[in-house]
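To keep things simple, chains are lettered A, B and C as they appear, and every chain counts its residues starting from 1.
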Amino acid sequence: MQPKVIILAAGKAERFWPLSDKALFPFLGKSLIEHQIERTRKAGFREVIVVCNRDNLPIIKNFKIKTVLQKGEGQAAAILSAKNFIQGPLLIVNANDLFDPSLFKKVLLVGKGKETEVCLVGYQTTNYFPGGYLVVNKKNEVKKIVEKPSQGKEPSDLVRIVVDFFRQGEKLVNYLQQEILYEKALAEMIKNGEVVKAVSYQKEWGFLKYPWDTLGMMDFFLRTFKKKKIGRNVKISKTAVILGLVMIEDGVKIFENAKIVGPAYIGQGTIIGNNTLIRESMIGRNCVVGFSTEITRSYLGDDCWLHSNYLGDSVLDKNVSLGAGAVLANLRLDEGNIYSCVKGEKIHTRRTKLGVIVGQNVRIGVNTSMMPGIKIGENSFIGAGVVLDKDLGEGKFCGFKKKSLTIRRNRSRIKRGEREEFKKELTVLR
Amino acid sequence: MQPKVIILAAGKAERFWPLSDKALFPFLGKSLIEHQIERTRKAGFREVIVVCNRDNLPIIKNFKIKTVLQKGEGQAAAILSAKNFIQGPLLIVNANDLFDPSLFKKVLLVGKGKETEVCLVGYQTTNYFPGGYLVVNKKNEVKKIVEKPSQGKEPSDLVRIVVDFFRQGEKLVNYLQQEILYEKALAEMIKNGEVVKAVSYQKEWGFLKYPWDTLGMMDFFLRTFKKKKIGRNVKISKTAVILGLVMIEDGVKIFENAKIVGPAYIGQGTIIGNNTLIRESMIGRNCVVGFSTEITRSYLGDDCWLHSNYLGDSVLDKNVSLGAGAVLANLRLDEGNIYSCVKGEKIHTRRTKLGVIVGQNVRIGVNTSMMPGIKIGENSFIGAGVVLDKDLGEGKFCGFKKKSLTIRRNRSRIKRGEREEFKKELTVLR
Amino acid sequence: MQPKVIILAAGKAERFWPLSDKALFPFLGKSLIEHQIERTRKAGFREVIVVCNRDNLPIIKNFKIKTVLQKGEGQAAAILSAKNFIQGPLLIVNANDLFDPSLFKKVLLVGKGKETEVCLVGYQTTNYFPGGYLVVNKKNEVKKIVEKPSQGKEPSDLVRIVVDFFRQGEKLVNYLQQEILYEKALAEMIKNGEVVKAVSYQKEWGFLKYPWDTLGMMDFFLRTFKKKKIGRNVKISKTAVILGLVMIEDGVKIFENAKIVGPAYIGQGTIIGNNTLIRESMIGRNCVVGFSTEITRSYLGDDCWLHSNYLGDSVLDKNVSLGAGAVLANLRLDEGNIYSCVKGEKIHTRRTKLGVIVGQNVRIGVNTSMMPGIKIGENSFIGAGVVLDKDLGEGKFCGFKKKSLTIRRNRSRIKRGEREEFKKELTVLR
């Protein structure tokens, strides 16, 4: 019997600030939840429900999928919100965890094992990840789940991904109704001797925890490209250069001497201007990447507008504009690790190259300099020439104090004739 | 009998600040007054006089035209300065009002009407214009001229353009000698029952009132282009792209990967550097538009020098230089209407895109940011990095206060080896 | 009998700050001392010794040349340090004075004259040079050496270059052992009636006194190019343009639409990015000249890293990085002469175009503006947006004070729909 699937999409995303709803965050022209729904369908699951929050429910409803509004907080509450849906085998996944489709098969295979009551997935890695870790015995049974150990104290090499299988969904419901936390319910099941198998997974994993994880998720999608794809009604100048695995959607225009280096994605109706350079990036719909802009390993939402900018390892939510000369820097002067402040806590981003995370509807003035790792809240404006080196809240204006300038009589005079001399230096055109 | 023509070119141009003399302002390599003289000649007028001021008289004299120095202030004084010239039918035009040549014919035709004593022109528009309005009866007779109504209180849809025909110039002189103001003389004529006919006009009108009107006048000229024209001794790189109606004067050099999008004009001897983008703009003589500059809908006077700049909807008088990275911004962060201060009054420019107006001999430093709608007086210098958001007078220096910087011991050390890693990220050239 | 040669390479280089050791300064991939050694060998000299200082001795030793550590200070001490080497005819040259090989022949020819005891070289020029001047009689005998006359008080048109020939090196040693200064020893020889001949020289002279002389030395080398040379394993995009005498070393990659205008040198393994423009410059090994950078008449040491920069008439020592939008300006707003401060003294650089001199391991932030003629000490960092108009010492951090910004509630709202209008303005791609 095919398990029913619950997709958790209601989670609050405070740590994802300043970006908008994770489940609705678009990649390759579709929201993450659409991708997840599509992936479960492709894997053969027929009965799928999405647990939504008040904000994304009206939108997700349109995706021809069963939905339910989450009541209460936390994962347990989320699952219990879908109580009426649960019957028999059950698979629980997050909207914002993507993985290779083979993982579904692997989990179901282990789930089919007679003795298996529960099956959890551990992502095998020697890199530290600030999440739960599975402690497993030789029979591949989970004996313990350790939540967020500090770095260096990881009890295993298996980071928990929520792709949770239960032979009997009803049993999970029973546990959850006695426990407030999902993790505690799982611990209780283990304690009570239920057989909780572990599946270890080593392929690609796309997740969204912190806003800069958008870049990792972008990579996850870019790495799925198998061949170059050019949509309908696309105009590409003869002098533009398109290298590698690039997906260009309908109606895109690419002007003279633009260069796009794959893997890269250009959304529908977007204009890539003259003399631009885009590498390993994802550009949303109806953007204008204007004259002489360089974009490296960055994500642009829909309706962004740039010209003469440099963006490295940065994330722009939708409808963000940058004035000419604005730079989103991605490297500290000392080339050290980049930290970012999340909910008052200084987080080690584990990146030496990280640019700027910009919320929707932000306007960034000409010749501004945004320092690596900072975040800018939605609807904020940043005045010309500003150097911003810390986070800026939502709906703020940040500008120069007028007092920083001095105006006096100009005591200098220009010597005539010099310019003619300078012009002679200009190379003759051959 | 062909009317004699008076061209008024002596008007003070305080509202045109910081730009120089309107009559001498060059378009397509010729001053406006030369264009006006040429246009009257082409229309068949043989007797033309230009009323000049002390400053432009010596220059206009060279244009093989009758001139007279204006004595006293105002239009009445201007016309009376040419009193000795006036005899029989008379046409009065401004140096800085250009229109389709057909308007001359239209006025003369109405002027020939037996009963017509005076004929005035109204530009038919539903857009507000801060000038005089003609109130006309059903017989197309002007019954009143309303000077500068406030917006929303326009008494008609006919904005007065000075293309004034008088059957008997001497009669006008008589009226003027009794009145101080030209408008009052016209009002008196109407009051006395002289037949003052109106001609309504709907084609192109180029005028210079405020300095940003230079952009409208530029458009007036650019729209006259009928075909592409390339002068003698022009060198254009094979990789440069020239689109649309573009006029390129003698001796121009256009370097690799430059793109010029018409309608556009490139003045004699000018150099258009590598990787530049020029759209719908007018570039004067002997300019250098250097490496990686973008110019959009802007006017550059002679001898301007740029490189790595962005200019949008801006006007540079002659001999203006911009350091690398200087940006003349043309859009507010809130994308709202742009205001400009003229003679102490905040003027609604009726533009959401307007850049900067720069007087002659100005030097603008590297990485500066000039805010939309500001004006910079001639002979002023602006120091590197300055963000200027209000008008700057003539002969000023505006720079950063030194105090804004802090210098301390550098506690950081660069980790060796990182750079080699970064270099690997660079795309292999294929 | 062939003279023995002493190359003086131990000189302290305080006036050369912030650049590193003159003798080891690389040009065309080799240090200056290597060039000088090679030149003496090509001229046929077999016995050559280099007088080194403690720092450069270990490196120069590797160049398969006799070396000696200088004991004591000054040129006399330097020569005496090689006392054991001196025997018979002797030629003394500086490591950092390069000239046409014909000068060696000229000096030896005069040196062969029977009566000649000493032969000195004067560089014939009417331009002032802050060095020693030879006063010569009609028989071409040096009668006096005037050290550093002030400008306008030059006693002749012969500036002394150290290419000093002595028929008997031992005699020089005797004089030096009695005098503390080399110049005094020479004066004493003249006074005692020794025949000191002068050779006048008019061809190219490359010297390093002040750090900006690096640019003159660079020109000296660039002017030696006879033909274009492309190394092995070089990849040049079909759309790149290489003009004139350019030397490109092994393993260089030149990306799309780059333009290199000779004479120019690109060091081994260097990457020249898209849309770059390099004119009359020298780029070291393993540099990255990134996207949309313009370099004019500048010297880059090894391992420099740029993108979206402008550099004019500037010198970067090795391992210098510039953030996007950083500009090294080379022209004052008043287009006047550029001064620089050396050891507390304001020095007239005799240049109207001079950029910035940057010591090794310096990091210059995004959108910074470095003013003409300033110098930056090694291991210093300059924060984003900084406008620096005076020298910065070694190991310093220079940044903006935070107080210069103001943050308040954003009272503006973006009008929707405007952007779509703007997009229509964008030129259709044809």
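The definition used in the following text is that contacts are C-beta pairs under 8 Å (C-beta built on N, C-alpha and C of every residue); 3 or more make two chains touch, one makes a residue touch a chain.
Note that the structure is a prediction, hence the values are computed from the model and not measured.
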item: Chain B onto chain C, rotation angle from CA fit, given as a multiple of 5 degrees; value: 120
item: Copies chain A and chain B touch via same or different residues, half shared test; value: different
item: CA centroid of chain A to CA centroid of chain B, Å; value: 49
item: Touching two or more other chains - residues of chain C; value: 239, 257, 275, 292, 325, 333-334, 363, 367, 381, 385, 400, 404, 412, 414, 419, 422
item: Residue numbers on chain A that touch chain C, as the complex places them; value: 235, 237, 239, 241, 253-255, 257, 259, 271, 273, 275, 277, 286, 288, 292, 294, 303, 305, 310, 319, 325, 327, 329, 331, 333-334, 361, 363, 367-369, 371, 379-381, 385-389, 392, 395-401, 404, 412-415, 418-419, 422, 427, 430
item: Chain A contact footprint on chain C (complex, rising order); value: 239, 243, 256-257, 261, 274-275, 279, 290-292, 307-308, 323-325, 333-336, 352-353, 363, 365-367, 381-385, 400, 402-412, 414, 419, 422-423, 426, 428-429
